[in-house]
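Take this structure first; my questions come after.
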């Protein structure tokens, strides 16, 4: 048992580009999909009043991904702090690593002012759930 | 005079998301647009046989961007090595910085094998042009 | 039993726009996904040498679709002609129709000349499979 | 002088697909861009409280479009009714027609109920401006 959440999806034709591989911007979409699935799975579904915003991202690309490939996105909660969550991601195709990434998400209230995101402290229940996911032997999944 | 290349574009409605701001994956598209414009401007236009692939990216987000905002993307050549170019980007709206990023691009030949990208050494002319862009007082633009 | 092929998928956050609903261009992507799934299901998988191109599309939108909604795309082969397939689509959410559409796909060889698509006649086996799908009581699915 | 509004833009790399041409869903985005530019040009800028929604679309594709092509989108107001605007579009590259389309837009108030769009009658000033655009010799542009 581990704290890795795993999400599989097939590559759509429209996600490829003229180099006949997945455009690099779409890797971020795959990570967001996995994040949403993860949050749903631990009961932290987004509401119309709140949304997650990324503040920092780092990604290394190791291998191109093609149309109709099945991508496995493994998500790991690296840090569940009071004001942000830091995730780690590994994207692989047929057990070969295609990309590794990390990003930080903060929860913001909507609507917010143009002048900048108003970060919200998670309520205690959320922190507890996500902190549980930091541990290697958690029951997050 | 400087080695900054500058590219302006307006935010399209379809680039926003339900949080009413530009989706974070689109920042990478804006950077690629600036990179293409930059390469066109120095005469290094892509051909059907070659394409640029990103190998590493880091981005920090400071401020949301909205529909109809005019984004200025400033591009800087940080390193023009024999096998890759490292770019720095600053995205701003009305003189306020919205994001800062760096990424590395390698030139690959098409078609390539599924087993991995075949990086190509730039020919000497290209390196010369791009190395010129590394210098603060270059005539790159 | 019918000739309807059915495909379900959840709406991703990045597919919404600032009106907090799915952007209308994404409806076409959902249809293409269903088309690919359908063709895979009847054994007509795309190859690197061939691709499908749409020549005509008509779509009516009846209801907005939101983040996290589960869309059901129902696909029907209306015509399997020698040089094109005409599909009908119904998109619904929780049994309410969100959109209805039709489009025609032609198979083209790659690479093709810039001067225009070179349509290919389906081979006989393909026509037979797809003609089977035109009938209400076919075993297409 | 005519009632055609014209909008040019270059094709971005990420808008192509593995067939090395612009994905068909992106044609709708180009039309929306032209619509927004047109509405801005006649002073009918969208607000945070209102948005345009498409109710019906028809498009025919005549020629593939490639990376770095300059697309000209010609927009024409076909009908400016009390509750919707019907537009006609012609997309061309180097004076060859790539696609022709029509779609209808209705103005909706935000937020709206999930149960369906609440269409709004344009105020009189708007109708007047847009009706002017229906005429072949209007000064719309």
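Residue numbering begins at 1 within each chain, and the chains themselves are lettered A, B, C and D in the order written.
Please note the rule applied: a residue touches a chain if its C-beta (ideal position, glycine included) is under 8 Å from a C-beta of that chain, and two chains touch if they have at least 3 such contacts.
As the structure is a prediction and not an experimental result, all values here were calculated from the model.
A centroid comparison over C-alpha atoms places B as the chain most distant from chain C.
Chain C and chain D, compared by their mean Cα positions, are separated by 24 Å. Rounded to a whole number, the gap between the C-alpha centres of chain A and chain C is 29 angstrom. For this pair, chain B with chain C, the centres built from the Cα atoms lie 34 Å apart. Shown for chain B are the residues that touch two or more other chains, namely 13-14, 18, 20, 25, 29, 32, 66-67.
Because contacts link each chain to all the remaining chains, their graph is best described as complete. Within the complex, the chain A residues that touch chain D are 13-14, 16-18, 20-21, 23, 25, 66-67. By the touch criterion stated above, chain B contacts chain D in their complex at residues 12-14, 20, 29, 32-33, 36, 40, 45-46, 48, 67-68.
Listing the residues of chain A that touch chain B in their complex gives 18-20, 24-26, 28-29, 32, 51, 53-61, 63-64, 66, 108, 110-112, 114, 116-117.
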